[in-house]
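As written, the chains take the letters A, B, C and D, and residue 1 is the first residue of each chain.
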Amino acid sequence: MKLERFQAFSDGIFAILITILVLEFHIPNYQEGHLLTGLLGQWPLLLAYGLSYFYVGTLWLFHHDYFSLLRQIDRNINLLNLLMLFSITLLDYPISLVATALTSRNRQDMQTAFVAYDLVALFISATFFFVYLYLHRHPELKSNPGAASFYTAIKFDPVRSVIMYSLAILATFWSVWLGAFLLVASIIFHFLAYLRMNKRLVRLNEQGG
Amino acid sequence: MKLERFQAFSDGIFAILITILVLEFHIPNYQEGHLLTGLLGQWPLLLAYGLSYFYVGTLWLFHHDYFSLLRQIDRNINLLNLLMLFSITLLDYPISLVATALTSRNRQDMQTAFVAYDLVALFISATFFFVYLYLHRHPELKSNPGAASFYTAIKFDPVRSVIMYSLAILATFWSVWLGAFLLVASIIFHFLAYLRMNKRLVRLNEQGG
Amino acid sequence: MKLERFQAFSDGIFAILITILVLEFHIPNYQEGHLLTGLLGQWPLLLAYGLSYFYVGTLWLFHHDYFSLLRQIDRNINLLNLLMLFSITLLDYPISLVATALTSRNRQDMQTAFVAYDLVALFISATFFFVYLYLHRHPELKSNPGAASFYTAIKFDPVRSVIMYSLAILATFWSVWLGAFLLVASIIFHFLAYLRMNKRLVRLNEQGG
Amino acid sequence: MKLERFQAFSDGIFAILITILVLEFHIPNYQEGHLLTGLLGQWPLLLAYGLSYFYVGTLWLFHHDYFSLLRQIDRNINLLNLLMLFSITLLDYPISLVATALTSRNRQDMQTAFVAYDLVALFISATFFFVYLYLHRHPELKSNPGAASFYTAIKFDPVRSVIMYSLAILATFWSVWLGAFLLVASIIFHFLAYLRMNKRLVRLNEQGG
């Protein structure tokens, strides 16, 4: 498998997923003349959609930068990548779960929905961890010595994410809103980790010139 | 990030969005033997779909021409582009809002639906404005001096669109049909702006040859 | 616009459309224990789906071969192509119309559904005709003299298709089944026309070697 | 048709299909406060989704490796490939059939759903068989003598799969769970066959290197 085709296939899945998220929007039930009220009541959906778009976008950026320093792809990376993409496609479902639960404001249902979102996010980070681990053990796939130090520097990022989503799950049982806060914070943290990683990558490319 | 992969990813999202718009079509409720009546009653959907396809198509052409003169992509352009694509995917939802409201012909609901469409369009133009602004401040991303004059010439296009959609919103509160007219006019104006921009680009490429 | 990116964008839309057609399948209403009866009652959907997949596939092959002999793309071809892709995405809707009407077997509704399918097909062929006409008048877009003769030989194919779909519409008002037969026949005819065109193209490429 | 564009189109369809499978997930009917119970009741859907993702992923890997040794594509391979992709898109439907039937646990309905899945899988393997057969008779499409021995070694893989899915169908009439077991086993067998084929391909590329 050539690196470029591997990337194109992954990019395709990211592009499709990030676009079909919008299909979760449906006309709300509303009384004639009160579409506005119906729409305003959909803020949970807009929120969940916005957050998830931001999350999937960040994951794509991660994926992009992360695999850009590989020299080649082997079968196992390909399989791990399919597992990672599987975990990411699952994100589509908790969007409507969270939106539905936030609309009813039932405490139990919100717990369920947030934990479902957390679990998918935890699964995603776990697959990243597997990929990181595999690449750590197969330095021959990396493009150059600079790449090795790059991969070492970010090695524990997914572990940290797994811990954060686990904490979010635990917190949700204690307080739904704290759990929600930790979930959002973890996703923002993802994004900050991406910015840091990207800075490192740019520096590396400048050195490598 | 290489320019080509950036473009392929964006093209992918445009292609997916413009194609899944058609999923908004659903069999109407109809009495057996009166499917024709049911279908003819769906003209608002066909109209909203046709207009939105035309709009997204125009946005794609804009995107295509606009980024064709870049020399490279940096992280911020990439993020701004993701924000722009986010705003564009949102267009999928107001299609069915507008269609539903036009079907019931309730004045309040039509106001709501048109304003929702206007807001998304305004958001889209705002993201274009951010991109234009950023490129204005980072001439190093542009490919050559000719490109600079190209970008200067079209600098205020998105501002003009933001104003037009704002006027459409205001007008909608006064008269629904005037608002609708301004919305359609703004989209057609987009297209004309594209034609002008494309002419400029072709001339530039001929000179650069 | 580069020819390759034009083709990739079009290929993307074809790939998406031909894949999302399957989303028209929904679990039928059935009594517990009688899913089989429910499924067997969905033969019209399977038929409409299979035919449409075959049709869109043929259109893709046409598109592929047709544009393979161009030297470059100009703005108008790009716009005409967007119009053509618009007409093709519309095909998604009549699939469920035809399936629904065939399921109820109501004569009026079947007429409506078949005519809707015919109209979309007629629109598609009309857009092909516009493209053919435009290329006829802009020989500078074609790659070589052999290409010119290729395009001349197939010039009237879309006209013939427009006539066939018009006849299918007329026939439907007289006899639903004759209309359905003509619709299917026209699509098969499309495919045969593709085979002929492809043969011509292969011969041309061998000469051009 | 160039090999690369043929692969990009096929990859596109695989990427779209494997991503839209997730659209089969819908919020379950649940009493307020019991979303968790509703979610846990959706294990059949998660199972059917996971299995199908795994299956489509495996088919993509197969497709990828299988066509990587071709030198060129002719029209018939293109048509057979469209037929193969048709059979694979059909997989989207039995996912919800199986999930629905497993949820109700009605024996007849489970039989129907499993057999529907088996039939699509059998159809998929049959189209692979046609492709294998065609390539066997057209050695000029293959890239080198090593490729010939590669294709010979795997010639009977699809036949074996056709037999396995046929057995799964027969078994389902005798015992639903044995039928389900054979279906899952056949898909896992697919994956193992892929691993073996990939090993052969890697060895071949090392020799050819």
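Basically, a contact is a pair of C-beta atoms (placed from the backbone, for glycine too) under 8 Å apart; a residue touches a chain by one contact, two chains touch by 3 or more.
Protein identities per chain, from UniProt: A, B, C, D = TMEM175 family protein.
These numbers were taken from a predicted model, which means no experiment stands behind them.
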Shared chain contacts [chain A (TMEM175 family protein) and chain B (TMEM175 family protein), defined touch]: none
Chain D (TMEM175 family protein) against chain A (TMEM175 family protein), contact positions shared by both copies (same if over half, else different): different
Centre-to-centre distance between chain D (TMEM175 family protein) and chain A (TMEM175 family protein) (centres being mean Cα positions), rounded to whole Å: 27
Centre-of-Cα separation between chain C (TMEM175 family protein) and chain A (TMEM175 family protein), whole angstrom: 38
Residues of chain B (TMEM175 family protein) whose C-beta touches two or more other chains: 8, 12, 16, 20, 23
Overall pattern in which the protein chains touch one another (line/ring/star/complete/other): ring
Of all residues in chain B (TMEM175 family protein), those that touch chain C (TMEM175 family protein) in their complex: 7-8, 11-12, 14-16, 18-23, 25-27, 30, 32-36, 39, 50, 53, 57, 60-61, 64, 195, 198, 202
Residues on chain D (TMEM175 family protein) engaged by chain C (TMEM175 family protein) in the complex (per definition of touch): 1, 5, 8-9, 12-13, 16-17, 20, 23, 75, 78, 82, 85-86, 89-90, 92-93, 96-97, 100-101, 104, 106, 108-109, 111-113, 116
